[in-house]
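Two complexes come next, and they have one chain in common, chain A, joined by chain B in the first and chain C in the second.
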Partner chain A sequence: MIVTVQRLRGLVRKEIAQILRDPSAILIAFLLPVVLLVVNGFGISFDAYHMRVAAVIEAPDEGVLGMLEALDASPYLDVRPAASMVAAQQALAMGEVRGILVVREDFPQRLRHPASWPATAALWVNATDPNTARILEGYVTGALTVWLQGQGAELRRSPGGGLSLEQRDWFNPELRSADFIVPGVIAMVMTMTGTLLTSLIVAREWERGTMESMLASPATMAELILAKLGCYFVLGMLSMLGSVALAITAFGVPFRGSVGALFVASALFLVFALAFGLLISTVARNQFVASQVAFIATMMPAMMLSGMLFDIAAMPHWLQIVTFAVPARYLVSILQTLFLAGDVWAVILPNLAALAVAAALAMAATLRVTRRRLD
Partner chain B sequence: MWQRIWALILKELSGLWKDPKTRFVILVPPIVQVVLFAYAATYDVTNVPLGVWNEDQGTQALELVRRFAGSPAFRVSPVHAPGQAQAALDSKTVAAVLRIPQRFSADLLAGRDTSVQFIADARRSNTALMVQSYAASIVAGFAQDQHPGVRAPLVLMTRDWFNPTLESSWFILPGLVAVLSMLMSMLISALSLARERELGTFEQLLVTPLRPAEVLVGKAVPGIIVGLIDANLIIAVALLWFRLPFRGNPLLLEAVLVLYMLAGVGIGLALSAIARTQQQAMLGVFVFASPMVVLSGYAAPVENMPPFVEWIGRADPIRYMMVLARALFLQDPPLLLVWQQCWPLALIALVTLTVAGVAARRAVG
Partner chain C sequence: MPPPVVIERLRYTFPGARGTPPTVALDCLTTRIEPGIVTGLVGPDAAGKTTLLRLMAGLLRPGDGRITVLGHDMATDAAAAHPSIGYMPQRFGLYEDLTVAGNLDLFADLHVMSPALRAARIPRLLQFTGLTPFIGRLAGKLSGGMKQKLGLACALLSRPRLLLLDEPSVGVDPASRRELWAIVTAMLEEGRDDGMAVVWATAYLDEAARCGRVLLLHQGRLLADEPPDSFIAPLAGRVFRARITGGSRRAAERRIAHNPAVLDAVMEGDALRVVLREGASVDALAGETLDPLPPRFEDSFIARLSKTAPASSATPATPTETEPPSSTRTDEGPAIAVNGLVRTFGSFTAVDHISFQVARGEIFGLLGPNGAGKSTTFRMLCGLLRPSGGTARVAGQDLLRAPAAARARIGYMAQRFSLYGELTVLENLRFFARVYGLDRAGQARAIAQALERFDLAPVADTVAGELPLGVKQRLALSAALLHGPDILFLDEPTSGVDPLTRREFWSRIGQLADAGVTILVTTHFMDEAEYCDRLAIVNQGRLAAVDTPATLRARVRRPDLPDPTLEDAFIALVAADTTCQERAA
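The block that comes next holds the complex of A and B.
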C-alpha cells in the first residue's frame, strides 16, 4: 500500500477530466437527486384532504342534512348525497368515492329521544388501502363528535363529554408528510447516487478493460481506488448539499441540527455507498448484472426497509434484524432527527457508529475483492 | 418472417438464461423482495413504546394506565418528570407520552371536566396519526365506562369492504406485482438493445434478413416473457404464502398483464433506442423508474398528490396496473373500471413502441 502524492494528483486530474467529459456522472449526481426529491416530496403524501364520501339518506330531514353539512365542512371530507344505494355502491366499487355513509330512516327520531339512543349511522369504507381507510374513519368520527358538541345541551351531555384527550405533536406539529418524507428521500438519493456513480461507471471500465490497463500502470491499487473514490466522494457531497438546500427552500422542511453532524453522517454514508458500488461492479464484471444488482440493492430497500416510509418498530422482529444490514436506516434516523428535532446525540452517535462500521466493512471487502480479481 | 423472429427470441432468451448471474438476478431477487417488503410495508402499529407520566395515584388514573398497558398497540413504561419525558421522546426511547394530571381521579369522581395529554413524536407523522387514534379510542372507551348507565346518543358503525381486517399486505402485494414486473421488463428490454448497439452487434443483426421492426419484436418478447414470469411468481407467493384472496378473473389479470408488459418494454426499448450506450440506457431507467413507482400510488394515494403531480402521473403505466391488480385481487371489479385502466395502458404501449421503432430506424440510417 504505497501512496505517492504525485501519482495521486495525476490520477485525480484524470478522474476529473473523465467526469467532465462523460455527462453520466453529472446526471447521476445532480439531475437524479432533483427528480427524486421533487417526485417523492410531492408524490408521497399521507395528508388526505377532501376524501369523497357518498351519503345515502333514507329520510332527509333538517337535523340529518345539518349533520351532512357539518361533515362536508371538514377540510378532510367531501360529502355528497348519492342518488341511490345502488349508485353509491357502484361509485365505491369504481373507486370514485372512498366511503358510503348510510343514515337509516329511523335515525333522526332515535337521535331526538334519549330513550332510543344510540342512533346508529353506518360507514362503509373501501379498505383496499387500509391506511387511508383508518384515516377516513377517524375523520368521520371526529367530525361527528364536533357536530354533536354543537347541538343542544342534551346531546352534549353524553358520556365521555367530560373527559377529553389533548393531543400534541412534537417536532412536526402539523403532521406534514413532507417534513418526515423529505429527510428520508435525501437518504434514498444518497444511496442511489453513491452506489450508481461507482457501480455503473466502473463496471463499464471493467467491461472495456480500461481498468486492467490502469492497474498495469505504476499506480498502486490503493492510489487508484483512492483517486476514484475521492472524486466521486466530492461529487456525492455536492449532490447531498444540493438536496438539503432543495429540501429547505422548496419544501420548507426545517433544519434544526448542526451542519457538522450532517457532514459527518453524509461523509460516512457516502464512503459506504461508493465502496459498495465499487464492490458490485467488481464482482459483477458486466454492466448488465452490475446495474441490476445496484438497482435491486439500493432503490427498493432504501425505500422499504430504511424507515423512510414504514416504521421499523412496527415490522416483525426477524425483519427488524434484517434492517440492521441496510445502512440507509441509520442515515434516515440521523437525518429525520437533524431536520426535525436537532442535535439529539443519543440518536445520532449510535447511528454514526453503525455507519462507520458499514463504511469500514464495505471498504475492506472492496479492497479484498479487487485484489483477488486480478489474480 | 415468424421463423426469423422466433429464432431471434430464442437467441435472446438463451442469452439471458445461460449466464448464471443473469439467471439469478431474474429469478431470486423478486421473490426475496416480495417477502421482505410485504412484511415491511405495515401501517399497523403494535407494541409502540409509550411513556406514562402519571401524576395522580387515584384508582381512575391507575385504571386508565391499565387499559393502555393492556392494549396490543402500546408497551407502557413509566416516566416521572417533565425532563425525563422530553429526553425519552427526543431519543426515540418512547414514541409518545401520556400525561395524567394530578387531580384527574378527583375531577372525574366529582363530575368535573378533565383531560389527559398525549404527546406524540411526529417525526414519523404517519405513525403519530395512528397512535393518536388508538389512544383516542382507549380514552373514549374508558370515559364511556365511567357512566355505565348512560348510552351515547350516536354510534358510527364502520364496515371495511374488500379488506375487512385491514391487512396491510393485501394492499402492498398486488402493488408489488405491478412494480417489480415493470422494473424487470424495463431493465431487460432497455439493456438488450443498448448492449447490441454498444458492442456493434446491432449492425450485424441488421445485415441479416431481419428487418428493423422484426429486430424490435425479437427484443421486446423476452422482456415481456421475463416480466410475466416475475409477475406470476409474485402472484403465487401472494396467494400461497400470504393467503391473499383472489376475487376477480385470473384470465383477465393475465390478459392485462400482457398489455402492461407491452407498455413496459415499450418504455425500455424507447429509452435504449435513444441512448447511445448501455450506461445511458441504464441511467434512463433509473431516472424514470423511481418516479414511476412513487407516482403510481404504490405507497400513498394518488388523490393526495398536488394536481400537477397527479396529472404527470397519468402517463405512468404502473398507476393503471396498480388499480387493476388491487381490484382484481380484492374485489371483482366492474368491467367499466377495467376498461378505464386498459385504454391508457394500450395508448402508452402504442406511443412508446412507436417511438422505439422510429428511433431504432433513425439509429440505423
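The block that comes next holds the complex of A and C.
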C-alpha cells in the first residue's frame, strides 16, 4: 500500500471537480435528504388529530359529563354523545367514529366512592388499522388520566385506592411521530449518499472507461480507493449535518445527546456504506445494476428493518434476528437515543461496536474484491 | 536491450456465460514488439485486439503463457511496468467533467511530474494536438476527434516507453485520423533514443499499411506477423484495375467477381479493383480493359482470410431473385427529395438548407466530418427527428405532414446490433414482423423469405446474441427488410467487420438496389463510400459536394496527386469548403 501525496492530491482534485460539476451528486447529497425529511416528517405522520369517539352514557351525571368535556378538549379527540349502544356500533361500522367509549351505570358511584375503585369505562376501538387503534387507546387513556388527576386535586382526596392509571409516555411525551421518524430518516439519507451515490459514481467510471485508464496508470489501488472514499466521506458527513440541522430547526426535533457521539456513529456507518457501495459497483460495473443492488441490499433493509419506521420489538422473532445483519439498525438506535434520550452509553456503546465491526467487514471485503485488474 | 514486449504462447479465455463453454479470446500467441516503429494490431471486431492490449497493459492476467513488458512479467509484476506504459482505452478514458487542462493535470499528478516538467511538456502537447484554444473546455464537450487527441496527449504525457492505443481512429473523420497518426509518429521519433514502442490497434487496413510491422489477428489467432511490405509482396502482378466500359458498375462487379480466376473485385470510382487468385492467369479476364496496380494491404488480408474462411461465405450465391419493393407502382418521382432542409438546436444550426435528390434504386451516401450534420440529416430523413424548416419527401410522403406514413415505407438498420440478443433468430424476425403490422399470412411469408434469402434457416433457433458478427448483420438487414420497404437507411453498416463480411454485405445491398430499393448510407468509412452510386459530402451543416465517387476523385486530381483515393478527395473537398465558408462569413 503505497500512497504518494501528489497522486492522491490529483485524484482528490478530480473527485471534487466531478462532484461539483455533476448535478446528480449534489442532488442525492443535499436535495434528496430535504425531500426525504419533508415527506417522512410531514407526510408519513403517525399522529392523528380530532379522532371521533362516540360516547355511550348509561348514567348521565355531572362528573361524567365533565369527564367527556375534558376528553373533547383534547386536540386529538372529538367526543360525540350517542343515543344508544346500537347507534354507536352502527357509527363505528360506518366509519363515522373510530371508537366507542362506554360509561356504565355504576361509574359515577364508583368514582365518588374511592373504596370501590377503579371505576371502569370501556373503550371499543376500530382496529382495522392497528397503529391508529393503539394511538387512540393511548390518547383516551392519556386524557382520562389527566382528568382523573384534576379530579383528585380538586376533591383534595388522596384515597387509598389512588389513581388506577399510572402511565406515561417517555422520550416522546407528545407521541409526535416526527421526533421518532426523523432520526431514522437521517440513517436513510446516509445510506443513500454512502452506498447509492458511491456505487453509481464508480459504476459510471467503469462504463465510461475511465476506470480502465486509471488502472493502467501508476496510481495504486490504495490511492484510488482513498481518494474516492475520502471525498464521498466528506460529502456524506456534510449531508448528515444538513439533515440534522434541518431536523432540529424545521421539525423541532430535540437533540439531547452529544455531538461527538453523533460524529463517531455517523462516521463509522458512513465508512460501512461507502465501502459497501464500492463493493457493489466493482462487482456490477454498470450503473443500472449497481443502483438496483444498492437499493435492494441497503435502502430497503434500512427502511424496513432498521427500526426507523417499524418497531423491531414488534417483529417476529426470526425477523428480529435478521435485523442484526442490517447495520442501519445500530445507527437508528444510536440516533434515536441521541435525539430523544441523550447520551445513554449503555445503548450507544454496544451499537457503536456493532457499527465498527460492520465497517471493518465491508472495508475488508472491498479491498479483497477490488484488485488492479479487469478480470 | 531486450524488445519492449515479449509474448510467449499466450492464451486467454473468457469464462462462458451460464454453462456455455469459455470463449477463447487469444490462443497460442507468440510475438515481440520492436522499439522505434508503430506496430499495427490489425483485425476485425472481436479478433482479440483489445484483449491483447489489456494484457500488455497489465489489466488482465494471462491465462497461459508469458507476457513480459519492459523486463517485467505482467502476471506478477505489472505495477512495476505501469509508470512506463501509456495506455489509451477505446472509450477515451477521459473525465468528461474535467476540462482539457484538468485531464492533463490529473495524468501529470498520477505520474508524479514536477511543475517544471509539466510546464515543459503540457503546452507542447497541447500545441501538437491543436488543443491549445480549448484548454478550458470540458472534455465531454469536445468533438470525437478532439477527444481522441486529448486521450492521446494524456497517454503521451509521461513519455511512455510503451504506448498502447486501442482503435484511436474509430469514429474519427479522415482528416483527424491523419492528424492522430502524425502526432504518434512524431512522438515516436522523439522517443527513439529511449527505445519507445507503439502498438496501434485498428480495423482500418489503410492504417495497417503505414505501420512498421503488422500483427494480423483473426478470431484470436495470429494470422501474420511481418512488415506490411512482405504481406503485399506475394500479390505483386495479381492486382489490376478493370475499367467498366458498358452497363452498370454493379453488374460488372458481379460478372468479374464470379470469374473463378478472381479472388476479389471491389468498386473504385468508375473502375474495379481486381485481385487474381494465386497462380491464376490474366487471360481469364480477356475482354476486360486491365491496368496493373500495386497491391495494397487489404488485398493481402483478403487473400489470407480466404485461405482460412470457408469458401462459400465470400459472396452470396448467384443473384437471388430479390423481392421488389412493395410499392414500385407509386409515382415515378425521386425516392428522396430534400429541399432547403434546416434543423436547429437552440441557436446552433446543425443542418443549414440542404437540398438533394435520390433516384429510385440508387445507393446514396452521406459523408462528412464529425459534427458536420450528416447524422442529423439522416435522422430527419428516417423520421426520427423533426425538421425545423424546408421540405423532405421520402417515398412520396411528406416528412413534415405524414412522418408516420413515410416511416412505414422505410427500413432502418442501426450501426450497432439493435436486435434482441436474448431471442432466437426466428423470434427476432417474428417480433419485427408483428411490429411492422404485417398480417398473419404476410408475417409467415416475410419470415420464410428472410430465412431463405439471407441463409438464416440453419441458425433459425440460435440465440441472436451468440451469432458471429457477419450473421448478426445479415439478421439485422433481414429484419429491416421484412416489410418490403422502398427505402433502406443504413448507419455505418459495416464498421469494424472483416473485409470478407463487408463484401458479402454490400453485394446483398447491390442486389437490393438493382431490384429498385433505394439505399441511403451514412458513414465514416471510405470503403463503404466506394459502394455508393453518389455521395453527398456534408460540411458545417451544408453540402460541400454531391457527385459520383469517380467524379469526386477527378475533382481533386492534380499533377502531384495523379490517382487520388476517395479519402484524399474527401479531405481536400472538406478543406476547400471550410475555407470557402469562412471567407463568406
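By definition in this document, the second predicted complex is superposed on the first by the 262 of 375 C-alpha atoms of A that agree within 3 Å, B and C clash if a C-alpha of one lies under 4 Å from a C-alpha of the other, contacts with A are read in each partner's own complex, and residues count from 1 in each chain.
Methods note: a contact is a pair of C-beta atoms (placed from the backbone, for glycine too) under 8 Å apart; a residue touches a chain by one contact, two chains touch by 3 or more.
Bear in mind that the values here come from a model prediction, so they are computed numbers and not experimental data.
Trainee: Using the superposition on chain A described above, determine whether A:Leu215 touches chain B (first), chain C (second), both, or neither.
Mentor: The second partner, chain C, only.
Trainee: With both complexes superposed on chain A, which partner does A:Gln18 reach: first (chain B), second (chain C), both or neither?
Mentor: It touches chain C, and chain B stays clear.
Trainee: In the overlay, answer first, second, both or neither for which of chain B and chain C A:Val293 touches.
Mentor: The first partner, chain B, only.
Trainee: Give one of first, second, both or neither to describe whether A:Val103 is in contact with chain B, with chain C, with both, or with none.
Mentor: neither
Trainee: Should A:Val344 be classified as contacting the first partner (chain B), the second (chain C), both, or neither?
Mentor: first
Trainee: With the two complexes superposed on chain A, say which partner A:Met190 touches: chain B (first), chain C (second), both, or neither.
Mentor: A:Met190 sits against neither chain B nor chain C.
Trainee: Which of the two, chain B or chain C, is in touch with more residues of chain A?
Mentor: Between chain B and chain C, B touches the greater number of residues in chain A.
Trainee: In the overlay, answer first, second, both or neither for which of chain B and chain C A:Ala261 touches.
Mentor: It touches nothing on chain B or chain C.
Trainee: Which partner does A:Thr4 reach: the first (chain B), the second (chain C), both, or neither?
Mentor: second
Trainee: Looking at chain A, which of its residues have contacts with both chain B and chain C?
Mentor: Comparing the two interfaces on chain A, one with chain B and one with chain C, no residues are shared.
Trainee: Residues of chain C touching chain A in their complex?
Mentor: Residue list for chain C touching chain A: 54, 57-61, 78-79, 82-83, 85, 87-98, 102, 105-112, 138, 154.
Trainee: In their complex, what parts of chain B are in touch with chain A?
Mentor: Within the complex, chain B contacts chain A at residues 19, 21-22, 25, 29, 33, 36-37, 39-49, 87, 89-92, 95, 108, 111-130, 132-133, 135-136, 139-140, 142-144, 146-147, 150-164, 166-168, 170-171, 183, 187, 191, 195, 277-280, 282-283, 285-287, 289-291, 293-295, 299-301, 303-306, 309, 313, 323, 326-327, 330-331, 333-334, 336-337.
Trainee: Enumerate the contact residues on chain A facing chain B in the complex.
Mentor: Within the complex, chain A touches chain B at residues 24, 27-28, 31-32, 35-36, 39-40, 42-51, 90, 92-95, 111, 114, 117-135, 137-138, 140-141, 144, 148, 155, 158-173, 175-177, 179-180, 192, 196, 200-201, 204, 284, 287-289, 291-293, 295-296, 299-301, 303-305, 307, 309-311, 313-316, 319, 322-323, 333, 336-337, 340-341, 344, 346-347.
Trainee: Quick check on the complex: what are the chain A residues that touch chain C?
Mentor: Listed in rising order, the residues are 4, 6-7, 9-11, 13-14, 17-18, 21-22, 208-210, 212-220, 372-375.
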